[in-house]
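First chain A sits with chain B, and in the next complex the same chain sits with chain C.
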Partner chain A sequence: MARTLERPAGGAPVPPHPAVVRLPERGFRPTAAGWAARAAAVVVPLIVGVWYVEANAQVRSDALATAAVIAIGALSLNVLVGYTGQISLGHQAFIGIGAFTSAYIISESHQPFLVGVLVALLVGAVQAVVLGLIALRVRGLYFALVTLAWGKVAEQCLFRLKSLTRGGAGAQAPRPSGFTTDRAYLLVCLVGLALILLVDWRLVATKAGRAMQALRESPQVAANYGVDVKGYTLYAFAVSGAYAGVAGALFASRRLTVQSGDFDFAGIALTYLIVTVVGGLRRRGGIVAFSLLYVLGGEYLPDLARAIGVHTIEVNAGYYIQAFSAVLAIFTLIFQPDGLGTITAPIGRWLRGERFQLAHGGGALGRGGGGDARP
Partner chain B sequence: MGGVLAFEVSRPVVLGVVQGAGVGLMAIGLVLIYKSSRIFNFAAGEFATVGAFGAYLMKSFMPFFFAAILGVLAALVTGLVTERLVIRPLANRPRVTLLVATAAVAIFVIAFQFLAGAQGKLFAAKAIIRGNAFRTFGVFVSWQELVIVVVLAGAGVGLAWFFGATDLGLATLATSQEPTAARLMGIRLNRVAMLTWGLAGALGGVAGVLLPPLTQNFTPAFGTTDLLIPAFTAAVLGGMTSVPGAFVGGLVLGLVQNLAQFNVSSNTLPGAPAVAVLVVLVLVLAVRPTGILGKEA
Partner chain C sequence: MPVLDRVSRRSAAPARNGDGDRPAVGAPVLQATEVSIRFGGLQALSDVTLRVEEFEIVGLIGPNGAGKTTIFNCITGFYRPQQGQVHFKGEDVSDLAPHERSALGMGRTFQNVGLVKTETVIDNMLTAQHAAVEYGAVAGTLGSPLTFGAERRLRRQGEAILELLGLAHLRDDPVAGLPYGTLKRVEIATALATDPDLLLLDEPGSGMGPEEADRLGDELLALRREFDLTVVMIEHHVPLVVRVCDYVYVLNFGQLLTEGLPAEVQRHPEVVAAYLGEEAPEAEEAAERAEAERGVEAG
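Up next, the complex of A and B:
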């Protein structure tokens, strides 16, 4: 995965980002046993995963589908926060618009599920680009405020327009025919996640990906190297919006109905941000892993709490993981900016046939992207 | 007809001024933090919620006035703890990192409230002084509303005096502009940070104690969901570094929200106040990014 910047942004004053520039070690080939161990490391978790789901298919496949949706949403946020250095605090708008669009297309326009997903993807991209147009003028922390206010408008106004979302009753979002059971729908979500991961992987490896990362380090320097700042900022927003549209469409059909109350600031925007941070910015593997851990934590932390004698009402027990992840996020920011990526990235390299080596990661949120200046 | 028209205008104006005073209190807390450390404090809303819950939980044990003071103290402690555990270790990081960290503080406090079983419930809020003070333009103004306006004015004048006329205020400004030089001049940076965060926590707590009685009750996390965005918009409108600006900005935002609330039917456009706030924010940032009273670029 060549993530070397073609033209390193920053040149002399900014040393190459340790997380970006990583030369592959030469002359190391795993032995046959080494390859076997790597194959086992892929296959065994897969078998365990399938066994885990099959043991209680109804509940567990739905939980894993949630994890896939969270992962896609967090990857969408990662494009903005991780790659481009823009921050979005209004992701409930991104996800919600995708969800309501898909629901509208499927149940009101009577189109197939796939059309719903594609239209949600497009609409998500368009709304993100509109927000991106504002980001061109307003940078950094001030833009974060705009996204925050935009999320609130979506929550309180857009999602309550009766003609679009059926108001409080909620919009119907049927699942695709043949995939109506939870177990089958999990497959749909996993395929969606796999496609997004593939796109994201290729995105980072291309010119556009390098341009976005150059923007994160410093828009001025990037512009001097001939990077189209406006174009690639909007491109990043479009990509992020498209991912979020897909996440929203999958979210909608998982629930079967979507209501305006599903997309609140604390539940979606902050949660996804924290999943992205703890998973590790620019660390796809870490983000997917923490999405899974987040859902599993929501499932098992209440039992654990009961076991050690902490009691709470059943319905509120799901918030253990939220509180716990918030603390984890602060720890991540202070001590380990790469988050779970610190563990997943070396494992990924090991699986591809390199020596196992814990790399020392770079800073989390980009060094140039302080965004402190007035817009 | 004339009377109805007067009511249509006067009611949102009076309510707007009062709620705007609460928004202004929070905005002053945001300005205080931004002025002294260039941080956008997304935990500010939860300082208010902590104040509200502190007063709510304590009021059955003592007269409400003392419960309210304990609530403000709880918010003050929250501010201090945030500074010590989250802000200080991250002091030299990019500002975006700190923004995410304060957002993490907010979600922790929110999740904690939900864990304690507060989700989806309404909590009755008690006024410091009950009853109506006077009647103007056909609208009753309660003592509580009067208290809010007076407290905002007091906080605004006090902080303007603090930054403008005291050595400690000057030290705070010096710290934000040049931390190293300030330290060499004998200013203890940690003390200054504790002071500003404690003060910001207390201001948030005061807003959290005083505002909920206007609507009779409050919901968990109301500081973040209802107050934070208007308060930030007010601070930006005022110039982000200006205490009087935040004061004026708060009043403007209160008016804008209430005029939108009263004059736009929720059938044509639900959530009109939220839309109005976004419009104000984008307009300010597009037309006059330094705000109405901002001096520093």
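Up next, the complex of A and C:
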């Protein structure tokens, strides 16, 4: 089917539309100093990061590992909510299934850590596809309720099956040998995050990602472009489930033991959704950045509260961070739909060698004008 | 791969437009047979039969609500007619989903613009080439090295089509925010990007003035040549239809009113009545008679 289009030598050329005014090519190239600045912008935060990990107690690296896990979980939600326009309010099931699967594989089947992660990835994808099959039949609010129920069922029933999760005692999920310290395990989590980011980049840059974005906007247009709408909806669920499986596996080994109580709606599903929204739907960089801010906020808020002498914030820092993020999410949705991506996306483009400018052609949430096809 | 076997395919196209009758050249590209569809109490189409030969530009006209877009939806698979079949390039496609028909070579535009509006023009062009992508979805997601070259080729192809339509300068513009007339043209570009053999255009000239419509006519003729297209178009703009179409079908109240060469159809009294909203001679007479009777009664 693929045919290359070239203008035939003898064919009468189509006269260009008179309304067309040819603009000069945008040929901006940064100077050497510009590239140096960009390199510095990458290297300096890296050095600061390494210094931060080295200079602080192990527990700080553990916080950063948490940030990486949250980032992967939020990227998983981003595939559904951001790219495909589906909702999941039951992501504690996605993450938890990954966590318990990995724990089971490592401690009960005595397989290496990597096998645990891979099996968690596969099982995560499969459970997500099952949910996706429902999404093909039930839409909108009703599907949101189905996901909510799925999360609750997993949390209250599935994760309490003693034979699979060891019930209240918790499932053991040892870290890979050689990476048992918090600092070393942070490295494992960062590698995991890097791989997920790489996959996510290629997902969006290739046909599957484009298909998802098209079917989010209009299933009719997508189908007209040749996209199998049902197939790619399921594919989106599979990808999201796979990310979540990895997040779950890393989550489990970070904590060493996991039990059903670790995967509740407010702590996982809602938190990850808020991180996704505030980070910015379809804004990978923003999501990672806000995961980091969210965790660091939880780390430093107690110190800050102690410094200004507000005892209640000092002891309940976690709740305050959550509440604050929720408010932030509301403001994001109303005023800045791109979330933190409003800042990270221009930085990303600048790093890739473009001019630094806040506004860009491909806005995430265009409004009106484009028409809406109805068959 | 060069431009497809353009020359050989074109030579098969008979000289037409005004030669009186309509020679059948092998199997028709599109054949819709006795298509009927009912929505609740509304019989939207009843026994509509269309035939489109290779390289023809066929017009589909009729007043609002006549079922023109409905027959498009039946042809492209968005609606499943309760009765009748659709054959495309000799194959029965009646049971195929829209994306499968698109992949077989049916390109289509929508009455109210079918583009992914949050994306840029070039991204729409890339998405539209979905069926032609050489790599699989999973290979793309996992970053197979093959995908990089394939993506470059898709981009070049998309750019070439935009260039051909004089839209290259809009490449990186988001679709949302472009004026309506431009959107219509971008949509034709995306439809071409799906690599169609048959292009179904739903009111391509809507919102255009007479001059623009004229230019659109030139372009359609040129595109047919350039892309070896067969075209079916719904169009209200009668001069445009008369100028570019080889054959015209007229729908009214879900039924085929008449069909024929554009010039004949244009003169057909019932078409004049149904399409231009004037009353047919008989109807006029009946009305006059009724008027007269009322006059008598009143008197």
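Convention: the second predicted complex is superposed on the first by the 326 of 375 C-alpha atoms of A that agree within 3 Å, B and C clash if a C-alpha of one lies under 4 Å from a C-alpha of the other, contacts with A are read in each partner's own complex, and residues count from 1 in each chain.
The working rule: a residue touches a chain if its C-beta (ideal position, glycine included) is under 8 Å from a C-beta of that chain, and two chains touch if they have at least 3 such contacts.
All figures in this text were calculated on a predicted structure; none of them were measured in a lab.
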Which of chain B and chain C A:Ala329 touches, first, second, both or neither: first
Which superposed partner A:Val115 touches (first chain B, second chain C, both, neither): neither
Touched partner set for A:Tyr235, first chain B, second chain C, both or neither: second
Chain B versus chain C as contact partner of A:Leu203, first or second or both or neither: second
First (chain B), second (chain C), both or neither touched by A:Leu296: neither
Touched partner set for A:Arg160, first chain B, second chain C, both or neither: first
Touched partner set for A:Ala223, first chain B, second chain C, both or neither: second
Footprint overlap on chain A, comparing chain B with chain C: 363-367, 369-372, 374-375
Residue ranges of chain A in contact with chain C within the complex: 1-8, 11-12, 14-23, 26, 198-199, 201-203, 205-211, 213-214, 217-218, 220-229, 232, 235, 239, 361-375
Touch list for chain C against partner chain A, complex: 1-4, 6, 69, 73, 76-79, 97-99, 102-103, 105, 108, 110, 112-120, 123, 126-128, 130-135, 137-138, 140-143, 147, 151, 153, 156-157, 160-161, 164-169, 172-178, 180, 182-183, 185, 190, 194-195, 215, 218-219, 222-223, 225-226
Touch list for chain B against partner chain A, complex: 38, 40, 42, 85-86, 89-90, 93-97, 99-101, 103-108, 110-112, 114-117, 119, 221, 224-225, 228-229, 232-233, 236, 269-275, 277-278, 281-282, 285-286, 289-290, 297
Chain B contact footprint on chain A (complex, rising order): 81, 85, 87, 89, 134, 137-138, 140-142, 144-146, 148-150, 152-153, 155-157, 160-161, 264-266, 270-271, 273-274, 277, 312-313, 315-317, 319-320, 322-323, 325-327, 329-330, 333-334, 363-367, 369-372, 374-375
